[in-house]
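Shown next, in structure tokens, is the structure this report addresses.
Letters A, B, C, D, E and F mark the chains in the order given here, with residues in each chain numbered from 1 onward.
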Amino acid sequence: MIDHNTNLLVVSAHAADFVWRGGGTIAKYVKHNANVSLVILSYGARGESNDLWNIDGQTLENVKRIRREEIEKAAGYFGVTNLEIWDFEDYHMSFDKERMDRMVTKIREVKPHHILTHGPRDAFNPDHEAVSKFVFDASVLSTSNGVRIEGTQTAKQAQLFGFEPHQSEISDFKPEVIIDITEVYEQKEQAMNCFKAQQHLIDYYGSKAKLRGNHARRCSGNKEYKYAEAFSRFFPYVGGEFV
Amino acid sequence: MIDHNTNLLVVSAHAADFVWRGGGTIAKYVKHNANVSLVILSYGARGESNDLWNIDGQTLENVKRIRREEIEKAAGYFGVTNLEIWDFEDYHMSFDKERMDRMVTKIREVKPHHILTHGPRDAFNPDHEAVSKFVFDASVLSTSNGVRIEGTQTAKQAQLFGFEPHQSEISDFKPEVIIDITEVYEQKEQAMNCFKAQQHLIDYYGSKAKLRGNHARRCSGNKEYKYAEAFSRFFPYVGGEFV
Amino acid sequence: MIDHNTNLLVVSAHAADFVWRGGGTIAKYVKHNANVSLVILSYGARGESNDLWNIDGQTLENVKRIRREEIEKAAGYFGVTNLEIWDFEDYHMSFDKERMDRMVTKIREVKPHHILTHGPRDAFNPDHEAVSKFVFDASVLSTSNGVRIEGTQTAKQAQLFGFEPHQSEISDFKPEVIIDITEVYEQKEQAMNCFKAQQHLIDYYGSKAKLRGNHARRCSGNKEYKYAEAFSRFFPYVGGEFV
Amino acid sequence: MIDHNTNLLVVSAHAADFVWRGGGTIAKYVKHNANVSLVILSYGARGESNDLWNIDGQTLENVKRIRREEIEKAAGYFGVTNLEIWDFEDYHMSFDKERMDRMVTKIREVKPHHILTHGPRDAFNPDHEAVSKFVFDASVLSTSNGVRIEGTQTAKQAQLFGFEPHQSEISDFKPEVIIDITEVYEQKEQAMNCFKAQQHLIDYYGSKAKLRGNHARRCSGNKEYKYAEAFSRFFPYVGGEFV
Amino acid sequence: MIDHNTNLLVVSAHAADFVWRGGGTIAKYVKHNANVSLVILSYGARGESNDLWNIDGQTLENVKRIRREEIEKAAGYFGVTNLEIWDFEDYHMSFDKERMDRMVTKIREVKPHHILTHGPRDAFNPDHEAVSKFVFDASVLSTSNGVRIEGTQTAKQAQLFGFEPHQSEISDFKPEVIIDITEVYEQKEQAMNCFKAQQHLIDYYGSKAKLRGNHARRCSGNKEYKYAEAFSRFFPYVGGEFV
Amino acid sequence: MIDHNTNLLVVSAHAADFVWRGGGTIAKYVKHNANVSLVILSYGARGESNDLWNIDGQTLENVKRIRREEIEKAAGYFGVTNLEIWDFEDYHMSFDKERMDRMVTKIREVKPHHILTHGPRDAFNPDHEAVSKFVFDASVLSTSNGVRIEGTQTAKQAQLFGFEPHQSEISDFKPEVIIDITEVYEQKEQAMNCFKAQQHLIDYYGSKAKLRGNHARRCSGNKEYKYAEAFSRFFPYVGGEFV
């Protein structure tokens, strides 16, 4: 059961990934009083801001400013207050020891039960694949007390869940965990509408939420599920009973 | 949470499959007051009674009698009272419309939330593969009200979970669900000991329970798991939160 | 290029499969003067007529009558005139030598360049998997002149394409061929509306067509694609250039 | 149809890869008036010039000189005039931001409809795998107008096709696209003979072309195909009809 | 080491499969004094005798007669004397309890260390897939002493090896075992030439033997391998050292 | 047959990997007079020394000292005298040209027939995956005489075998080669006991050896196998007969 003892860390490669791919689930966790920490690694200024660059005289600083406003507005609809933007360059995003230590430190501070980030394959988006490995590796290092970082203490191994990539099948994505987001779907719609320049994605992820809702009903026999989000999981489920 | 509203149907191809591969989980469900129904499709007289056939003058009837005693004793240790043995011929087991109707009827009567049976691949055991498809197909038919069987009403789609096959990797088995059986492990040991003629399997599945306990600890960070059983799942998890 | 020399054979397991999964493509082939032959193997009376069976006093004959009307109306919207319903029992559908000979004969008569039918895996629908193998095997037999059937002559090996199953990822479906259906999408909508009792599927496949349209644009860079259908292919593409 | 509006970019890791693995297809595109641009990333001096290094007193400069002559002669047989050799070190080849920008720039200049390069897996050749990712990533970056490179304009997403690796099965290669090269096979033979020091490869790829020709006939029923080359594809086919 | 204590059972679905796909290996086992038993399940009269049926007035009996002569001549070149033709109908081949008992009996008589037969997938040949499962299942039943067949005694589990299918990659074939056939290649050529009506296959499998020879050299570093045949394996290798 | 002409190179990422995952096989090769060279890339000080870091005032130097003693003691039980510890930093381990040249040089000196190292996937251990690629790439470079390293001569391509990872199934491990270690199991136990701080792993790999022994018996029918170790293989087996 989600409650105030639940720690969720969300790591998004670009500005809006967390909205399209996990916004409903994030809204739900906040609504049920979980501690949600959101890290956005880049503004997506190079790779995911096509429309902004079509404006004459556009500058990198201006693109970042606009994207920051969109991010903050969308996060606001979800009620996320713990938000960091790390401003890495995107397309391509690369990682070194310093960035790894920063992520390990973040995980050790948040002590997340669950980490929601990109899955290992995304057919059209090399950044997403790189972030997936980066976050996973950091989660492993965070548990090892030989990885000495001043002022931190080891975390328990977090469970990682992967966003559904844009083109699921050719990215070898399997929907292993389908989360019902019916009760918060309105918030997801509002958040998606913060990114008006990407109307085609608003339509797309609206349709997707309905399709996953259909799958949720079919797999479970529960007719009340209307909207859902799908995720992959990095590890087996471990627990006391079938779920 | 497992309680008296939980319906679990277990379908075992041969006499002892349910003990080696799911005994701890069955014991746990009974202990927590679930309604557990156990269907054993065959005595395993042809394929899994090698030691008995080494006795001079052995007969099929006698083999079945001995195996029935072992099954009943093992089920007793788990506290399973709802037990049926369908006495199909094994090695090879085959299925026709009548047998399909019988399984559909059983599912419609039990209305299981979860069905525990063999997974789709078992590298050394063609019967297990045939049973997996048989039970899955029956679960689909059980939900369709055009499949008219006198005196039955459709069931909701049950969630199916697959036993770990004997040689997991070459059977393409992935441990998707790992169930902690620490609190009932003693019962599993007692039940396994009902099949004394198969001492090598008692050792084998004892070691396996410890290995899966190690994996349970490593995946979850929970140090209290000592013994576990692993299963595959046929459908995605659907629910309200990450598990 | 599709024209009056193009022979397309469509084989649908149940009444409406050809509409949800391939209706736009069928409409397009008819519109461009191809010879489209449609074989519907069953009315789906047992497995895909849930709503009809909820009516008191329903009979098998009446279900079949209603479904036949729906099929004929839908086929009419596509302009398909060459339509056969073979009235096999569904859920489960099974095949013997006589049925195999009938399909081989059909293929030898139609001499299709392309056969559109179910793909090899469909996670929730055993009938679809059985039909896929049945049609594929028949296509192989149809080319062999040792398979002697009175009054028939061997066909060239047809190219087979597989419908997208309802839950694509867990059915291991990959969209290998995405067909733009923008110009005929209205016809597909009309045909889908012939199956009013399945409103949730009309919504579902409407959303799906938009999603596949998005993928078509993203993979090709062609902005004019609005609606599309996805298919798997059974054989490699062979030809004179990259496509 | 291939014509003077068709832009094909070929990227070859080492000196002769483009000949063994795609020479027939390249010859065909040139013959039908396509604009073919060929980029050869390295001379293969370290990894694919074994015979040359067996000569006493051999030097790196001399190896490169010989290989350049072979490349130019082979390209000549295909009629390729737009040829660049980037002279990267091979075994191992590595890539940085500058090299990425150079490839993005090249793609933006050529605006290829199709890119032919190495596929993602090559069991015995780490360079080929690295080049595959390098070219694919560059093709994605080339479409994004946030990736600002002086003097360039974004390209549409090119379709990528992968060479058949030397040992196809253990490299997880599937022949998704088989191109008939019968009409230009003589040119491929001449080009292969430019690399006389590798006689075993001339034999090997001669046999391979015949085998793929056999597959082309069997898959299509077209008896006129004698020689063929096989490729993987990175994206689904998108278009107006089955091919 | 192959010697007179080595028992090899070869099971071929149709007349010539054992020649194209395993002839060199069979010849080698005979040459080194192994006991080779060959079972040919069908004459391939319906599915693999196209050319014979093109002759006016052809009859089934005559086709079988010609194929029997070819089989016997080819087996003669290998020195195989223990040969049975079971004359099952092909295209499609099907199996019942009686046929299963017959194969179990054969295995119990031969007590093979190795069984060479078709692998589990063959993209264009449903018979080959059915035979693969039939032989594998029989090998499992042969070891179980509850499978009572008058006059037989259980065998140890044989190791199964799978022929390379005609189109290896799309049949998911991996060359796990590559056998050098250089010393007996001439015999394989002679045997292949017994099937003159299939000249395209003689060329094809000649080229294939050279390709696999190249792979054998590349994987092992042994330059003396000129011709080879590739096989899949059904079980892991078990032994005392790396091989 | 293992003898004094057999060269085996073992490359272990961290201090104890070679013991848990390959100790029995190493002991066996030494016992049968093979030349065994052991390279340990790191002390595992950061990632695999958790217990040591729980001691107050622990230092990196002290951790390394303790681990070196454990390594040397364990290697002593196996009789390995040719041992190098390269002292790379672990968690994460990274590789540059200098390290690659060092490994190529080592391979050229040892001229191993077999290299035993980590397999390509290890679900919880990014270092193991990086080492697998590092060693494989070095083995390829070692065979190419264009890779000029002063004082070295090219080696023949070594056969690579991969350790079983801790959680085999979720690491996509298949036991392709199972080595009987019954005769040296006592030595493996002694060596494992050198790492007393990891008692849970001693239990774990003891159970694992018994399970793999069971699989060895089941796959081969040889009842004398009691303990075994499983490995993956990087290349197909090439040789003169089925093994």
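To be clear about the criterion, a residue touches a chain if its C-beta (ideal position, glycine included) is under 8 Å from a C-beta of that chain, and two chains touch if they have at least 3 such contacts.
Everything numeric here is computed off the predicted structure, so don't read it as measured data.
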Other chains in touch with both chain C and chain F: A, B, D, E
Set of chains whose contacts include both chain D and chain A: C, F
Of all other chains, the one whose Cα centre sits farthest from chain A: E
Matching chain pair for D-F (criterion: over half of the contact pairs shared, by residue number), options A-C, A-B or A-D: A-D
Fitted rotation between chain B and its twin chain D in degrees, CA, nearest 5: 180
Gap in Å, rounded to a whole number, between the CA centres of chain F and chain A: 37
Contacts with two or more other chains, residues of chain F listed in rising order: 124, 170, 174-175, 215, 218-219, 235-236
Listing of all chain pairs that touch each other, if any do: A-B, A-C, A-D, A-F, B-C, B-E, B-F, C-D, C-E, D-E, D-F, E-F
Residue ranges of chain B in contact with chain E within the complex: 45-50, 52-54, 63, 91-92, 123-126, 170
Parts of chain B lying in touch with chain F, wherever the complex brings them together: 124, 166-170, 173-175, 200, 203-204, 207-208, 210-211, 214-215, 218-219
Complex interface listing, chain A residues touching chain F: 97, 100, 133, 136-137, 140-141, 144-148, 235-236
Parts of chain D lying in touch with chain C, wherever the complex brings them together: 1-2, 8, 25, 28-29, 113-114, 116, 143, 156-157, 159, 161, 174-180, 215-216, 218-222, 225, 228, 230-231, 235-243
